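Each of the next two complexes has chain A plus one more chain, namely chain B in the first and chain C in the second.
After this line comes the complex of A and B, so read on.
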């Protein structure tokens, strides 16, 4: 029986290695074709493009009365989806972390004993809801709400602040030689909505871990601050400080989940492969790009580039998870043993 | 803050709180059982104990305490953890500028009593109190009292050193930080004064900005004393401050207590009888939640008036 367990453990490790190997092989043509520029190029064009050929002065070349056309090969760059993933995940953290820490503090310090079980269950139940359900809620409830009320409200509330209007609610587009400034259309399918939906989805994991971490703050630390005349908030702040590395780990786990989340974000982020500074502009994440395009990828280089995006996503999640685990389990255990 | 406590002279703060009259029979019964046990165990002659009051269920307080001016006045104070009574009608005055120790076997309620003074027991669910406890004329358990300010006047040192995970400097000035003090020179001045006060300055002055967790246990405990002193309290409550320390570190803390005496009123819980004898002016002996005897330390050791006190002081039990 021990042998069976060993085989089980080894096969899990083998699966991870195999996954990395398969993805790397599949991504190889793209890695060879684009190298590191894959990470920094914002051009994602799966199809060939026929454009008029121009000469050195920028004039269209005409031969025998016909415009000479040239074919530009497809090009792939992951910068917009890396940007979309980063911004939507960070937004999710901005919304989720204060709420999660607040909830964890409530559960540890304020919640009547009778209620702790049910409140914890409800929060952890959020983690068990299928992500498609969050996506549909986001699409049918949250998105219209944001589009019709909250985003216009934010615009009228915030646009007087210098810089905010230009950053969030206006975009500049180059049309030929002219630079045109126009209002960002508020669609409700954008980075902001994506961040909100992700925040709800990562709330349970950050809350559950930070609750366990805060529960392990030694009594002597809490009493030490209170005995010196600290208020409830001040002593809570010291609790957070005391367990800061483990809490940071909890946040990293939330980040790992947010960056890899696919279904819900695909439904609300607007799926537009672009980098716009406005948080109210549609965008694309790595995972939503894969969900949208993988089925329709017809050329080898397209598939291969998608595989490279998947590889980047996998490596990123791996790093987040390893760092988080090290912080929560490794360091957390050490600090509480020292105290 | 949980307000599940009530004061004897104020209205009940929660409808479910039982009034002082609700459990009239509890304490006498337990007191009698103590009395009975004492009699069974201690039949032999006790020559100098003839002055003992007939009823051993009341506290024997030596006359010497009448000349002292009290800082903390505890009057008929009882405390319950849920249904379990932990303190039975304790009455004692903590004299100003003196070191008073509380001794007694484990579980006798000394720490509970100490932690009742700065209302640290508020943190525990279902704690209920009866009787009164006054500090500077204010009822500690009155509804109107500002617990935060109260705790700032009553510094506390815990059993295990509990430095915060920050630099030595930040630890010491923490009480000022939570008051919003930002001026560097004020913080530095208080830091130096407090560390000197805790006889720690010379050892740490070159590494004030290193983590406090890197110090030895004894240094950490003196740091905690410095931190308590930095809040400029009137009273220092010490809960077995040396129990986690080696003899050399213990000796340093004891010297420190002697130096702090006079400037601060010190109430210290200890398990170490020699420590009580060496460092304190008054000693209170507690047993099973009751204050048995309270008097000058020398008298408590050499001519106690209660059998239980003598038994404990001489190491016959506990």
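After this line comes the complex of A and C, so read on.
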């Protein structure tokens, strides 16, 4: 029994080792070919490109009446997907964190005892709804709603503020020597929609952990503030301040989940490998890139580059998870998968 | 200790400041209630929409027919192949994932107290449960699909097992830990070995709650799509051979809903309804049994 049980424990460790080893091996050709420039290049071109060769002055070379062509090899850079992942996850936190903390405070301090159980169950059930269901809802409900009503509404409401119009609703493109400014088409499949869907998906985990954390604030701490004459909100603020590091851990766990989320984000983010300042431009995250391209990657270097993206995603989520658990552990919150 | 507004007792006697305090207190209390209501409203909105669309499009064909390609007579058919596929995938994943996960959990609870292996295993199990599931899919692809040469059911099942193991391990550990030590001592005092104690006393005592943990893990993998995309792949046929590309409910829903055909999208809505229904049932059963187990424990204590 002891031996068998140890096999179980060792296999858990081997799982992580296998994950790191296999992904690193698979990503090795790409790591060797591109090095650190992989992280900073925004060029994602899986296919060779035939372009007219140019001379030193930028003129097309013509020999014997024919344009001389040259072949540019495929090239891969992860900057657009890192940008997409970062922006959509941060956006999700901006929407989700205030709501989660408010709900956690409600559950700990305001909610009638009889309701606590069912409200908690409902919110935790939100966490059990599969990603693909949120994806379909986002694709068929949220995205058209945003495209037809909310995004145009935001444009007319916000674009008078100096700077906002240029940032969110206009894009400048270089066409040859001219710089053209045009409106960003509002498609409903963009970073903003992605952030909203992610926010809904990370609400339950941030709420559940911060509820557990706040519940474990020592009674004396709360009673002390009340005895000093604090209002309900002042003493609640004290509770938030008192447990700030564990709450930060809860936010990190939410961030970890948001950045690794795949199916829902793939269905609403627009899947366009580009970096645009506007939140209403379609984008691509690391996970959606993998979901879209991995099955169709035909060349060795393309697949290897995708594996490197997966490796970056894995390392990022490991870091978020380790830091979060380190902050939350011992604060009475469940951080395991059952939470 | 208290926030800065509390430090000056003279300030707090000013009527304007009193007004501000009352206002901010009411405002934030209202915001807390409002955020709870908003979350519940979002849940209701999502659920009602998914359920109503699902019920509109569900039919007997959904359960009895396989997918029929667009343009053929009887299209779009049903998703029986995907239902069976998901069932087989979960079954295979459980065969690998549940024993390994339980063993790891038993190790963590019963054997790890004076071993270097305990802390890292626990930590890694926690961290593994946060790994993005698409990355697990890529691991399955590189480890199994590449050597074998085609997408297959076994690869999909192993990817799901990979996700199950940490969940089962941590819940088993937590549940086994709840068994009172006096049970173990009594068994050992009667001359039982440690292995016998675990098998005949500890596990049966904790069995109810371990099963709920397993059901949570099953509910979790039943809804997974990303790890199956590159491992099990997809299939339009009813198949029982896991060496071939294997259908699953979630991947079929994904392909249907992002595809161009209206009637396939309607099948996808029905599929979502079945999936959520299944997951809801599992969660409900877990919740009810956990309550029973807990109240029994308190009654016995």
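Assume the second predicted complex is superposed on the first by the 329 of 339 C-alpha atoms of A that agree within 3 Å, B and C clash if a C-alpha of one lies under 4 Å from a C-alpha of the other, contacts with A are read in each partner's own complex, and residues count from 1 in each chain.
Keep in mind that, in the parts below, a contact is a pair of C-beta atoms (placed from the backbone, for glycine too) under 8 Å apart; a residue touches a chain by one contact, two chains touch by 3 or more.
Remember, predicted model here, so these are calculated numbers, not experimental data.
Peer 1: So, does A:220 touch the first partner chain B, the second partner chain C, both, or neither?
Peer 2: It touches chain B, and chain C stays clear.
Peer 1: Would you sort A:241 into first (chain B), second (chain C), both or neither based on which partner it touches?
Peer 2: A:241 sits against chain B and chain C alike.
Peer 1: By residue count, which of the two partners contacts chain A more extensively, chain B or chain C?
Peer 2: C
Peer 1: Can A:253 be said to touch chain B (first), chain C (second), both, or neither?
Peer 2: Touch status of A:253: second partner only.
Peer 1: Once the shared chain is lined up, is A:113 touching chain B (first), chain C (second), both, or neither of them?
Peer 2: First partner only.
Peer 1: Once the shared chain is lined up, is A:232 touching chain B (first), chain C (second), both, or neither of them?
Peer 2: both
Peer 1: Touching A:132 in the superposition: chain B (first), chain C (second), both, neither?
Peer 2: The answer is second: A:132 touches chain C but not chain B.
Peer 1: Where does A:98 make contact in the superposed view: on chain B (first), on chain C (second), on both, or on neither?
Peer 2: Touch status of A:98: second partner only.
Peer 1: Per the definitions at the top, what is the overlap between the chain A residues touching chain B and those touching chain C?
Peer 2: On chain A, the overlap between the chain B and chain C contacts is residues 224-225, 228-232, 234, 238, 241, 335, 338.
Peer 1: What part of chain A is in contact with chain C in the complex they form?
Peer 2: 1-2, 4-13, 15-16, 18-19, 22-23, 25-26, 98-103, 105-107, 109-111, 119, 121-123, 125-126, 128-137, 139-141, 200, 203, 207, 224-225, 228-234, 236-238, 241, 253, 256-257, 259-263, 267, 287, 290-291, 294-295, 306-307, 310, 313-314, 317-318, 320-322, 325, 335-338
Peer 1: Given the complex with chain A, which residues does chain C contribute to the contact?
Peer 2: Listed in rising order, the residues of chain C that touch chain A are 1-3, 5-6, 12, 21-22, 24-25, 27-29, 31-36, 38-40, 42-43, 46-47, 49-50, 99-108, 110-112, 117-118, 120-121, 123-136, 138-139, 141-143, 162, 165-167, 169-171, 174, 194-195, 198-199, 213, 216-217, 219-220, 222-226, 229-230, 250, 253-254, 257-258, 265, 268-269, 272, 275-276, 279-280, 283, 287.
Peer 1: For the complex, give me every residue of chain B touching chain A.
Peer 2: Residue positions touching the partner: 1, 118, 120, 123, 125, 148-149, 151-152, 154-156, 158-160, 162, 164-166, 174-175, 178, 213, 224, 227-228, 231, 237.
Peer 1: In the complex, go through chain A and note every residue touching chain B.
Peer 2: Checking each residue of chain A against chain B gives 113, 218, 220-232, 234, 238, 241-242, 335, 338-339.
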